[in-house]
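In what follows, subunit A forms one complex with subunit B and a second complex with subunit C.
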Partner chain A sequence: MRREGSALSGAATVMAKELADNLTSTRMRLLELLIFVTGAGAVYATIGSVKDLAGLVGEDQFIFLRIFTTAKEPLPSFVAFLGFLIPIVSIALGFDSVNSEFNNRTMSRILAQPIYRDALLFGKFMSGLVTLAVVLAALWIFVVGLGILMLGLPPGTNEVVRGFAFLIAAIAYGAVWLAMAMLFSIVFRSSATAALASLAVWLLFAFFWQMLVPLITLAIAPPDMFDPMSQLATINVGMGIARFSPNTLFGEATQAFLNPETRSLGPVLASQMQGADRGAPLPFDQSLMLVWPQMTGMIASVIVLFTIAYIAFQRQEVRA
Partner chain B sequence: MHLRMAALCLALAIGPASVAPLTAQDGGAVKGMWLATDYPALQLRAGEDASLPLTLYNYGLPPQRTTLTIADKPAGWTAEIVGSNKPVNAAFVDYNGKANLNLKLNIPADAKPGPYKLTLNAVGDAANSTLQIAVDLAAPLAAKLTAAPKFPVLKGTPKSNFDFNVTVKNESSSDLLVNLATDAPRGFQVTFKEGYGTQEITSLPFKAGDSKEVAVSIKPAPGASAAIYPINVTFNGDKANASAKLTMDVSGQPSITLTGQGERLSGEAYAGEERSVQLIVRNNGTAPARGVAVSSSPPTGWKIDFQPKEIPEIGAGEEKQVTALLTPPAKAINGDYMLTMRASGDGISESATYRVTVMTSTLWGVTGIAVIGAALLILVGAVGRFGRR
Partner chain C sequence: MSGPIIHTEGLTKAYGSKIAVDRLDFDVEAGEVFGLLGPNGAGKTTTILMLLGLTEPTSGTARVAGFDPLRQPLEVKRRVGYMPDQVGFYDNLSGIVNLRYTARLAGLDRREADEAIAKSLERVHLSHAGAKPVGTYSRGMRQRLAIAEILMKGASIAILDEPTGGLDPQSTREFLELIRSLKKDGMTILLSSHLLELVQSVCDRVALFNNGKIGLTGRVESLLQDVLGGSHWIRVEATGDNLEAAVARVPGVTRVTRDGAALRVEATGDLRADIARAVVHAGGNLTMIAAGHASLEDVYTRYFEGVAHAA
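So, the complex of A and B:
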């Protein structure tokens, strides 16, 4: 039977309800703890380094951004922490969002309400996204606040803009994993299977992708020892394959946003750098232009994954 | 005893020729001892030091010690007999030998002009001699200072140093302390040095009769216009003055600067797109700059053209506009590049570094939005196709 009216009517209600569920669940408590520990750990890691950095106040015009990117042994930098943490949070939020309704036999009850299936899925996804955004924004403000406390100076406009762009990139990155986890929660009726499938994909991209990329690259575009241009082509193909991983996209986006000196993400020829003023920061809009493809790629893949999930969900049979 | 004395005489003969044997007079009829001077009557000036050569001759007498005394001298004068630069009271004269001595006279400046007399006695073992010297004392000379420049007229640019050498001579009988001064125009830097010395000086002591080289170095004011500047250097002593007339022929010199519009030397450009930048070549010098060519050696792949490429003439104090057309390579990396631009003409050259921020065209951004739009269209299509209760 065809739906009548907007696909979004009722989505706001579902979203509000789901958000209330998300924010009050035990799982959320655990996530909050994880966030707090991560944030504190990352900031602790940078305390010593930032004290060194504090000597650079006035010399380094982007000292605030260094808080995000400075790593101190044995702890990784805040950005590297987030690269790990965000997929886990997203998967935790999404892996049982649909199949738990089936397992609890609540799906037919919900759909008995004047709510379309579209609205249910939109609402669930939006609530997951809002939860993720709240968590990341809280973490971001936490770290920035600690940074102000330690450095004793407020961030500049440019730093705020760049930090905010980094937050948006982090949310987009989380949204990719959220959409994927929801897709698995629709495809697999068992929550455990969905969780395992999500974690498997995450493991693939987080750990195995960087090993697979050289293998695939060498198979597709083997470099010619005597032709530098073919070596360049090999590097480019390798980077293209690596960019299938959302981790790579997120890493490049953070690099461009948080290191304003980044002028290029790919290989650079010496001739291109002739006359260039090395170390000069790029204007923000140019950094945005640099990673616009990455940002676009993440946002578009969220939409595509959600569309697949949507189609899969719409085609499913719901029985009482 | 005699032998020892002969040995001493020999040693003296080897040393400065104070005692020398006279072979020509050997066997002559003249015999005896004489104290003599070349000019026993002479004119001297009060306040002057004088040195009169004395010679003690021994013809045909045995070698003997001769005591020398100044028997008579005018009151207030100091006189002493000097041999080998030392005051002496006696001399030893060999057989047929002679001793060369000097009479040093110091005549006080306030001595009255008129005739004076000095009497010198030489007393030996067997002979003695008396020398009378008549001095006609004249009034002391008036203090006089002269200054003569080596090259009184020098030519140069406003940036060059004008180094004059002036020979200053104290032609008087007294010492002078001379102060150095010029009437150089405002902004001209004048330094005085003595000869080839390195220290700057403001005054110089001159002994009577002294002559010294004074190096007068004058640097024109930076913006001194082309003209001929007469400079009077005065040497002021306490008793005498001298002045030297120097002339500086300052020729004009062009001096150019290269800047952007409103002194701004930075701009933006899109990769692969031509961008025009206004540059200003200004002549701050004092002479017109001719044939000023504007050029640049761009980094690889960059194209930099100038319109016009050469400016035929920029008058003193004028400025001309040049349009630089920059084209970054299509594959230029975003960010800042430093371009060196140069303006060079006849003997002048000036360069400026222009900072260009290369930006990516927003066309790619639009492409990205189109990708997202396409994804959204698919979603909307799916919603339309699969939407159901």
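So, the complex of A and C:
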């Protein structure tokens, strides 16, 4: 059975409307304020210690990237902050995107216009993604600007490229949470339930996953004291399970992009390190190769979650 | 175009084992006002959603303006304006912005849309409120905004689900006036309601709906005649024995039922004098007698009573 007309006609209109809603809503203002204040706080605190760390400015080739990754007690690093805050922003953007149309009783009226449901869902997702990208890009520029002001030197090309790759990773990470929040907004008719479900998943991955991983790993692949290969297998299984969490993927991606010295994200055997120039930074393309699976994993999760959401939405009854 | 503008054949929708709409066949001619009449949960909204292609029928087919809503939903939705039960708008946006959004979705460009919106708001007497957020609108204003949306779209068919639900009598009257003026413009209107008087006053033809089935279809007057066998009711309050039998023997009386202490008589004309005489002859004490025209409600009650008894 073939449908007539483009599935995406009207998507741009939906996107424009949702984008206007997102960018003008009080909810978004509050989140932007939160993320900018915490981001600025983290970076401001960090820059002092980065200067100490690097000794003299100019000795460290990647001093700009240290702004993102260095933690200054008691504050976590800027990257760690983002790891927490991006999911919150994404959830806030997505948790009521579909069910609010039902609760407002606008859904059937909108779907009675000559568009397919695809356009509505796609437009909403894209507007969320664009909003997220705008917020993160603004934050990124803000932090880089702050760095230039406080360090008194511009970032090098390599640093800009790596910083940009990190921005892309952050957007992909946000997209995972956005797709998940939208899925819940379709599955649950009540916005509050969808928000709570999203936050529950966020809590699971942000806090409990790292506690659960060793338990699950030991159950699946207990290490044999006398067999070093089985211990390696345990580590690999553990990492595999940990990587179900988008937080792990984002963490690894940022580590590779922002710490050019990172050579491997898994266990490295002594034999593999033979002849390696320890502590020497990798070229950007090698770092990219290193986290290619992580990036692919995040983007694939977005597609899988969106597809499930899409199927759920297509099958949903329009009547409230 | 010739032939009916809305046509269904064996249209069926089942949710699991529950059949919401059962083998529906009906036609709506271009330019008429057709009423789907039935209690809540009778399957009216489901039928409407199937006509719009928003719900997939389990079996059977529908044609709207010559298109299949299942396979050519965009063609159908371009020609049909829909006002859902308890229509909603984005409360934080103004009436104009709300309409502009749907206009863009309907494929109008910005300039066309603004012209069409101004014209349609004028038509439903909302020009003064167009710039205000919809959150400040009354129920009646929202309903009229929904009509403005249908007009703006240039739809030739309007499907209105419970159009006067929750309106006060004054707003209802104005709304009915609006429906009549749409009909005058040649728009085909399909409306669903459980309010029988409303349907009786605006519809050319009605379909009585219950449990997902259409019981009867036809013009209001002919339904009165066919189902009730008469067009009047007479209420008799009297005391005495065997009055029912006595009244039933009066020529022209089609039915007598007991309604508390009173008798309810259905008849082909105003037979008050004859009935009064019969009551007195039978030795009863007549205290009150009143008559009136039968309404669709009587048809409805009677018809579905019959269906329930037969089942």
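Note that in this section the second predicted complex is superposed on the first by the 311 of 320 C-alpha atoms of A that agree within 3 Å, B and C clash if a C-alpha of one lies under 4 Å from a C-alpha of the other, contacts with A are read in each partner's own complex, and residues count from 1 in each chain.
The rule is simple: contacts are C-beta pairs under 8 Å (C-beta built on N, C-alpha and C of every residue); 3 or more make two chains touch, one makes a residue touch a chain.
Just so it is clear, the structure is predicted and the values come from calculations on it, not from any experiment.
Comparing subunit B with subunit C, more residues of subunit A are touched by B. By the document's definition of touching, of the two partners only subunit C reaches A:318; subunit B does not.
Residue contacts after overlaying the shared chain place A:209 against neither subunit B nor subunit C. Contacts of A:105 after superposition: subunit C is touched, whereas subunit B is not reached.
Using the contact criterion defined above for the overlaid structures, shared-chain residue A:116 touches subunit B and also reaches subunit C.
In the superposition on chain A, contact of A:95 is made with neither subunit B nor subunit C. In the superposed model, A:304 makes contact with subunit B only, not with subunit C. When the two complexes are overlaid on their common chain A, residue A:173 makes contact with neither subunit B nor subunit C. Once the two complexes are laid over each other on the shared chain, residue contacts for A:17 go to subunit C alone; subunit B is not touched. Subunit A residues 1-3, 116 lie at the interface with subunit B in one structure and with subunit C in the other.
Within the complex formed with subunit B, the subunit A residues making contact are 1-3, 7, 116-118, 263-264, 268, 271-277, 280, 282-283, 285-286, 289-290, 292-293, 295-297, 299-300, 303-304, 306-307, 310-311, 314-315.
By the touch criterion given at the top, residues 1-5, 9-10, 13-14, 17, 104-106, 108-116, 317-319 of subunit A touch subunit C in their complex.
The part of subunit B that touches subunit A in the complex is made up of residues 298-302, 329, 331-339, 355, 357, 359-360, 362, 364-365, 368-369, 371-372, 374-376, 378-379, 382-383, 386-389. Of all the residues in subunit C, the ones that touch subunit A in their complex are 45-46, 49, 52, 54-55, 70-75, 77-78, 80-84, 86-91, 101-102, 104-107, 146, 149, 153.
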